[in-house]
Each structure stands twice: as C-alpha cells, then as structure tokens.
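Okay, handing you the structure first.
Naming follows writing order (A, B, C and D), and every chain is counted from residue 1.
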C-alpha cells in the first residue's frame, strides 16, 4: 500500500516531551521490576516453603498449568498423599497466591482463569479419591436473570467463588424467577448473585426479590451488571448493588463469618471489600 | 485590526448549499409573513371588535405601551366608564391577545412582560377608582425556596398568573419554610409554586411539603427550576414537577375549574397543559 | 447462497478513507444521503426500566425519545437527525411492539421533516435473541421471531435494519477470559462469519422490499467488544490490550460478511472494526467514541471519529439532566461533533481533522493503534489477499495486527506492559503455528472446544 | 484602590488568539502550567442532593467526586486533571466545610500526582451569597463569610480562586426580561464592574499568600448567562438572541475587571465572554460548550473551544451512568477533546482546528457570531479604546456587537428573524442616543430603575 498520510506528522508528534503531551500509558509508566511470581514476598509467604510435592503442586496452579497439575495430583495420590491435605495445603495455596498477585495488579484475568481451571481439576481428582465432595465454606448461587443471555460477568463470579473455597452453584443464564426460587430452596445458599446487562432485564431483580420473600427466603441478593445502578437495585428489599466480580467472595465472607445482612452490606460495602468504592460513598 | 484569519475560508464555507450544510437557522426558515398583531385572526376574535375606548385600550396592552395605557384608562374613568368593564373587556382582552400570540411563537417574552406591566398598571388605576381589589380567579402563591437567590423563573410565573386573572401572592426569593406555612395559612392559595436552581436547594421541597402536611395544608405545590428533576420532586407528597412557567395558569385552572388534585396533575400533566411534555411521558 | 467475497479494496487508497466520504454512498429515510460528505448524528437511548412490561409502555418510551430528539435537533439547527432504536428482547419477540414502536418514531421524524425540512432517519437494530445451546441459531422460534421483527420494522418505516449477531460467542467468551487466541479466532473468524452468512441474506431480502429502507450492517459487539470492555482502562487488570487489539482485527474479517451478503451500510456504531470494513467494502459506517462515554469507556474516543459517517452515543438512560432530557443532551454533543467534521469538509480540511482525530489516540493503546485508519487499511489489504477463505483471512488480519503493534514498539512509539508484551508474543506464536487449511483448523477446534465449552454446538454452523 | 485599566491589547494580534496559548501564562497546583500550549480538562460535579445537610455529607460527596475523577484520569492516560469545586451556599457559609471539602479533594489530587505523575489542580469557586436588598453587597455577614471561605480554600490547597459575582443582577434581570438594553448596560457594564472592583482586590490578596494558588477570574453568569439561558434554542420564544449577543459583548467589558484587579486566569468556564477577556488581558481562560450539554444547551458548542485553555463540563448530577460515575463519564469526554486540541498543537495545526471550531458555529446564531475569536478581538479593541471608563467601554462593546451582526447580515452570512432584527435595531438606536458621560448616564439610570426595580440600592455601589 501507499505510505500512511500520518507519516508526515511523526516528527512533530514525537518531538519534545513526545506523545506524553497527548496521552500517557500510565500502566507502563508505573510498572515495577519483573519478578517471578513465586518470588513476590507476599506469595512466598503463602506458598508451602518446603521443597516437595505440595510446593510443586502449588506452583503448577500458580502458573495455571492444568495438565501438569493433573499429572502431579495423580502421582501424589498414587503415592499415598492425603487428598484433603493436597487440596488445602497445595492447590488452594497456589490459588491464594494467584489471588494475591491479581489484587496487586501483577496477575491478570487469564492467569486467574487458567489457575482456577487447574485448581478445580486437581480438586476433582482429589475428590474422586475421597469418594465425596470436599468441604467448602458455603454454597453461593449465581445466575443471569431471565431475558439476559450475557453471562461473562457471572462466569467471573463463579471463578472467584471457587478460587476462594466457596461452592458456586451456577444456574447459568436467562434463568426464570421460579427456577431461582426452587434452586434457592434446594441449595440454601448464603448469598446469591443476579446479573443483568440491560435496563429492561434489570427489572427482574424486583421480581426475584418479591418471589423469594413470598417463599420466605431472605438470602441476600447481590445485583450487578452492565446497565445496573445502585439506586435502582436498592428499590427492592433483600438486595444490594454489587460493583466488581472479585468483591463477591469478600461479601460472602462477611455473611458467613460476621453474620452481615443485606442491610449491613448496603451500609458497609466499602469496608467489607476493603477498598474505596465510589458508588458507596 | 488586521484581517480576520477566517476570511480565507469564506468562499468555501458559503459555496454550494452554503452554511446550511453546517447549521440551519430554523427559526428564520419557518417564519411566516409579517402581520400586525391585531390582524392575526385569533387576536382579531379576542379584541373588542367595535372601534372605541375599549378597543384602543386593548391595543395599548397588546403593544405593551404602559404610559399610553395609563393615560387612556385615566381618561376613560374620568369619562365615567365602568372600571370593572374596563378590566374585563379591555385590559384583560388585550392581555389575552398577547398570550395567544406568545403561544403561537409570534410574540416573545418582552412583549409579555411589557404588556403585563401595562395591564397591571391599568388594573391598579381601575381598582383605585373602585376603592377595592377587583375579582381574581383565585390566589396562587409563588416563591423561590430558602437558600435560593435566583428568581427570574418565579418572576415569569407571577407575570403569567397576573396575565391570566389570578391573584399572584409573591413571597419573593430565599423564603424560609416557616414563612411559606404562615403565608399559606393567611392567603389560602389554590396552588403554590416553589422554585430552586441548585441540587442542594431543591431539597427544600421535601421540607416544605412536610411542614405543610403538619399544618394540615394540602395545597398542591408545583416544584421546578434549574437543576430540578421530576423523579426527585415526586419523592415528596403533595408536589408535582412543573416544566414551564407558562404552564402554571393552566394548572391553576385545572385545580379551580376541575378540582384536580396533585395526584391528578402528576397523572394528567400533558393533558392539562395541552401539549406533549417529554418529562411526563 | 454463494457469497461474493471481497478480494480487492473498494476504497482505492488509504487517503480516501475519511469521515463523511465512502466509495459506495447510500440513501435512505427522509432524504438522508451518506458517504457524499456529510457526517450525521445517531442518537440512541435505552427504554426506561419498567417500560418493557407493556406494549403501551414501550410505545410511550419510544415516542418520548423521538420527541425529545426532534425537539433538540430543531432547537440547535441540526441539518440531519438519525435515531437508533436498539431493541430490547421484548421488542424483538413481539412483531406488534416492533411495528408500533417503529411507527411512533417514524411519525415524529416525518413531522420534523415536514415542518423544518430536516433530513431524518431511523435505524432499527433488532436484538439477537437466539441462543446456541437453547433452541439454536437456525430455524428456532427465536430465529423466526427475529425475521418477523425485521419485517415489522421495515414495513413501518425503519430506514436501516441492523443487528449484532452472536454466532461463536460461547467459544470466543471462553477464549477471551483465558487469553486463548485460537478460541477467539475460531469463535469470531470462523463461527461468527458462518452465522452472519446465514442471517444476512434474510435481512437484505426484507430491506429490499421498501425503497426507504436499507440493510445496514452488523458488529462484533458480542465478541470483540467483550474483549474491549473486559480489557477496560489502562489500570484494569483483566484482558490484555494487545490481545483485544488482535481480536479487533479478526472482527474486521468477520463483520465484512454483512456487506458480502448485500448490506450497504451504515454499519453499527459499536463495531470498532468498522474502519476495516469501510476500507474494504467502501460502505458508510457508524461509530462511537468520545461522545459515547455515557455507555462505556474506550481508549480511542477521537480516533473512532476519523472515518465515521454517522456518529453515535451508543446508549444512555432515558432520564432528565440539568440540561434537559438525556436524549437532547447527548444528541447535542453528537450533533456539534458532526458540525465540526462537516465544517472541516467545507473548508477542505477534512484530512487534517481526520489526522488530528487519529493521532490523538493512535499511541494511547494498542487497540487504538490497529484501527487507526492507515493500519485499518493495511489489515483490510491482508484480509482481501485471502478474501475467499474466512479462516485464512481472519488469521491474516490477526498476524497483520501483531506486525503493526510490533513495528510501533520497535519505532518507540508504542509502549507495552510486560503482560501486553507476553500475551502478544504468545498469541503471535500460536497463530503462526496454526494450520494452513480451514478444514484442519476447524476439526482441531471442534475437538478442543467441543469439550471445553459445553454450550458450543458445531451443527448450528453446519460444521 | 485605583485600578490599572487596560488601554491596549495584551494579545498582540488576532491570530495569536488560539486555544492553549496565552500572552500571560500562569502556573499553579501540582505542576500545572496554562497558556504555554496544553489545554486541560476541568471536571465539575454538583454535590448530590441531601449531602448539604452535614459537614460529613459534603466531605463525602466531594471525596467521591475527586476519587472518581482521579480514577478515570489514570485509566485513560490524561496528562493533566483539573477539578472544579463550585460551592453550594452551605459550603461558602461555613469556613469549616470550605476547608474540609477542599482538603479532601486536594488529597486525592496529590495522591494521583504522586503515584502517576499526573499534573493536577483544584479550582475553588466560592458562591456569591450576598444579596443587594437583604444585608447588602459590602461588609454584610455574607460578604465576610465569603472572605473567610476564600481564605479556607486557599489555605487548604485550592489552586485557583474564582467567583461569579452578582453585582447589578437585580437591574439586568429586569432589563433582560423586558428587552431594555439601557438597564442591561447599567446593570452589567456599570454596576457589575463596580462590584467586581470591590470584590477582586480581596480575592487577589488571599491567593497571593500561597505559592500554589492563583486568583482565577469572574464570569457574568448571573447576567449574560441569564440572557443566554432565557434566549434558549432557535425555537424558543423568550429573549431575543441579538439582544443576548449585545449583552454578551457588554459582559466582556465587565469581566475584564477581575484581571485589572490582579486575577491571572484561568477564568471561569461559563463566561462565554472570556474570548474578549483573553484578547484584551492575555490570560488563560476556561470555557464550556459541546461537552457541557449535561448542564445546559448553547448555540456555540464548538466555537467556545476555539480559544480555550481549560475545557469544562459546567455541571452534572453526581450519579451513575452505564459508563460509570458521571464524574468519569464527563471527564472522559472533556479529556478527549483536550487531547484533540493538544494533538493539533503538536501537529502545528492548532490554527486550523481553531478555525474549524469557530466556523462550525459562527453563523448558527448571533450570540456565537459576536464571540467568534476574530469578532471578540474586535470588541476587545473597542473596549480598550475607551478602557479608562467602565461605562463608555461597555457602550462601545455593545455598539461593536451591533456592527458585527449588521455586517454579517449585510454579507448574507447571518440571517435574523423579525424579532431578532427589531430588537437589534431598537437596542442600537437606544445605545446611540445614550449620553457621552458616565455621571449623566448613571444619574438617569438611578432615577429610572430606582423606581422600577425595588431591590436596587445604588448606595451598595457607592453611587
């Protein structure tokens, strides 16, 4: 093709202070020195210190290497390692390291997803050996509301829940209200999350809250997604506005560990998730 | 000064379709032929047909000529004309003509203001002769809320009320809630209008509504002004959101003639003011 | 249907790519002409929450939006007004609602046109309510309802028919969250393109029945925009912006299919890949950027305007601002931006403004870089070079995007974080190692993602 | 205090009048430099309703706004961020609230500056809470409270002190509603100028105590903007747009007084007369236009950007949009517009963009016409020719505006309605017949408006 018509401006645009006069890539500007993930001081604290199978396993999760993780878990189980010990002191430790790095901005979503895939697969192998499900903190139910076929936000929530030791009961997308009530009765979640992308599907929140109230179920409902606003959510009882997918495990912890209600969450959201949240101040 | 740097673009900008490719002065584009105000068919219907003092007087109002109006009213009164007849069949007819032309977009705010000044001055002379106030449709109270020093919107309302035969009880600007209650008890208005310019003064609406309720006064309160929104106004009982100053007399008519309540106004605003109002649909 | 694939560029030179001008202009609605110089505003407002519960509610909210748009257009002297009605599911599912909401807005636009002579049009964007794993993409009830909705809109005066098809989304979602470029290429380049080849001939047929109506275009909203939205701002830590940039290039190869099926533009606003489509297909495009911040944040707010024909705000709540209804507020911002462009064109300085728009963002982010019009043209050339094969051309677009970013980095114009650098390198390596044949690629993907993505059903694509 | 009146133009030639550049640059805040090339965004958000009821509420809402602004600035890579805190009455009335709300925003800005190196600043605009007929303009409790609020803001880190003084408003309001140009000239040109001469030396003194703080400027918001807002759009039927244009020219002569008292700019955003002030005084200015539609509708959305240094959104409710908090939404639109201007400057094409902005609106409305930078410069020249006399220079500005409009009409560039034509002719005739001496004019006006405007108290102006 012919030369770019923009070429003639190159010299001018990159003169003096360069492109920083127009826009600054702050992500590049503030980046610290490269570090192996396991050498991050916080991660080093979390991972098993001692060289051996558990540290190796945690590292396969940290690096999101599902195949290697599966192989090592199988070998460890075959060698007689305790599956519960592997879950709690190897797989979950690796995942905790991943979460720490994500929180710091050193790790990114794909790291989390791949680590989550590896961890969950390893846990499944351990459970197979155990012959039953391993313990989780509590069940949390997730779904995208009726009429809403978008579920990537909900899928992130599922991943964050699993990574934090919760049993994510995922109802999928476009879920009718009656199904929500039925599943809530069966699974008795400590929290449920409802997501919606559009102004005209977020109206389902009110219907779900009403149906649950009628069924005598007062589980807090975290509502969020594309077009959702706090003021709209709070028009219904039993709900609160959820801002980020990664907030969900912390909100669940607040319910399970501290007995927080949906009213408490509305009032203390920023404190519970441990950061300044503009929508809540 | 040196030549405008824009001069070099004149030819290009006014070529072909001219400036209409950029912006169109639709007000100029749709303007009809010039007509004397009294020759407008609708106004001709309203004005006294018969040549004579009443038609002349109506015309001085139509033309907003306060000095000539004063002189003619005084002369007519001196000649023994009935002051009530002058008010109802001359001064107010002129004002009705002005309103009709304003509604059509032929007359503008200054026409209205100057006609209103002339009409009110003429009425005052007649009332002096009568020895008492002339009849009005009903009292309507107007004020800008506490903390709000802006009153041009409220002043327009006063003018529209007077022009339509209402007794505008104007409390002025920056009016404390207690004063509103006291004046409402004294004047027993059929409607009151509260105006506010800022997000942080429109919160007065709720306080006023509460104070009136406590005093057992259920007069509808039309709330409007700069930063005011319908959804915010409707959070308080007894209120409705007022969109344009010239709507106020029609809303007062609905209350006086048809017994409409504030709930009715919320539901039927567009119908009452006789036009499509976006905020109410 | 055998499609006429593009194997050469309709836009003859990179310098011909400029806002307001298109190789293949289009006419529709009430005297609107696109591609012959004028850029027009496209205002879009989401129906108020609750309005979806009844026919009357939907009609009232649509009338309200159109009324406020017409009112503001007249108040500030806009030469042309376009409203877009982007359906909520309830609208598309009911031919009655589709018909009535369209009619009520067309009526307002016609009144405006009659009273002031304003050029006016309505874009109807039908909701893609199909689901790959529930009912299916072809012949399902929802597929039929979509056909009926298109018909109802066109019959009742819609000027442009558009849609954001979702073919391949279940696979690309998986890939985007995991940084798996193979899944993205399969989901968008192959599955997305195949699904568009099914949907678009139907839409083109419907529009052709009405002389005021044209088939507009499609956008990769469901896929490339997912990568962009998850990518977020510079300080976000989800999807890599280099990966999102490659994804966008692939979307260019995909969204082109609508034009190959007979769509004429204007295409859909949220297709940030539209500059590629315009470069190849020569059709007028919609775009959104710095005046669509109500709906989302992007890193190319000016650059997106460089080659636009129809400038949009994407979406906004229908409510009141201090400056009036949001419809008027955002229309005014859009209309003034169009006035700036139209002034530049009258002055003969449209290329200068285009270059300002472009350079204001070109090095803000790799996603901006790849759709800068000069690079979009390059990607277009790489697509038409393999134009006959939807897989090979998507792969070529992806590789060209990698080259473009690497060149800018080498020239010290673009700077990347380690995450962006690593994901770019790994994606490039993966793509380079992919097979040269579509069949072989598809076979591997079906095997791989058939297992990992439970919602994926290859039979929905005749695979 | 004897003021140094401008009797010549600080901006040496009309072509020197361009965005980002000022004859007399200014530095303030965290490394912000205005007038040397860069145009910066100025985001302003109204405190949420209800927040005014407590100190904590005000502090929380201000923190929220600053947090959201900093967050977005980093996310999209803005080189500079300015926040404006336009006081509500409750803020100005309490030195404590003034101090704490300022401190909390400065803290956020400082964090941003420390972490990313972003240049940052806070404009504090104190509310003019004085009332001519209740307490008075000079020495009243409210006047003292304003002084204390200025001091509290400056002490706690404010970068710029501004205010919208209301001197003369009671008379100009009367004149605007009735199309009485004499009242407007008296209210703005004489009373407004006198009141500014009282207020501004106090503000300049306070700012001079802090090295990070400058006295910004004033705006004729209370008067000329009343005419503009009542004037409304093309289809409105209240105030004549030619009269509003003349009013704006007079406002130029008035708002200049702040600079004569030592204000350095940036001046206040809503002063559409600022191009005149910049032409004469050479100071950087704020302005608002197409990205302030959230707050109001004007007929010069692009033109207002032609000579801006600090681009503002005027005001918006603090709430959530689909695209995030309104703070971020509107900051992003502003920031991108600034990026466009800064790109043009880097390209050496700033004059071209300035001319595009200007021509996009110059003939949309007479109000735009008179502040087009070339005409603003003309009006500036007419002001400095009579620079020593606030009355004569205001009258000269008004007459120059009449000439400018008439010339454009004669050249068939500007078209007027009969209402606009009639009010222009009648105003021009009235002005031409006014006395040549300030004393004589003032005497007539006191007599005339002392009777008609019951709130007017000439003693408040030492008249």
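Note that in this section contacts are C-beta pairs under 8 Å (C-beta built on N, C-alpha and C of every residue); 3 or more make two chains touch, one makes a residue touch a chain.
None of the values given here were measured: they were computed from a predicted structure.
Mean C-alpha position of subunit A lies 30 Å from that of subunit C.
Subunit B and subunit C have Cα centroids separated by 48 Å. Annotation: 40 Å between the Cα-based centres of subunit C and subunit D. Counting partners per residue, subunit A has 9, 13, 22-23, 25-26, 227, 229 as the residues that reach two or more other chains. Within subunit D, the positions touching two or more other chains are listed as 46, 71, 74, 76-77, 234-235, 315, 317, 322, 339, 342-343, 346-347, 355, 359-361, 364-365.
Chain contacts in this assembly follow no simple pattern; the graph is neither a line, a ring, a star nor complete. Interchain contacts (touch definition given at top) occur between A-C, A-D, B-C, B-D, C-D. For subunit D in complex with subunit B, the residues that touch the partner chain are 13-15, 46-53, 88-90, 129, 131, 134, 166, 173, 176-179, 226, 230, 234-235, 237-240, 315, 317, 351, 355, 358-365, 372, 374, 377-378, 381, 413, 415-419, 423. Looking at the complex, you find that subunit D touches subunit C at residues 46, 71-72, 74-77, 232-236, 289-297, 299, 301-302, 315-317, 321-324, 328-330, 332-333, 336-337, 339-340, 342-344, 346-347, 349, 352-353, 355-357, 359-361, 364-365. In the complex of the two chains, the subunit A residues touching subunit D come out as 9, 12-13, 15, 20-26, 29-30, 226-227, 229-231, 276, 278-279, 281. Considering their complex, residues 37-38, 60, 63-64, 67-68, 71, 74, 76-79, 115-118, 319-320, 322, 325, 327, 339, 342-343, 346-348 of subunit D touch subunit A. Every residue of subunit B that touches subunit D in the complex is listed here, in rising order: 1-2, 4-6, 9-10, 13-14, 19, 22-23, 25-28, 31, 34, 102, 105, 107-110, 113-114, 117, 147, 149, 151-152, 155-156, 174, 198-203, 227, 229, 232.
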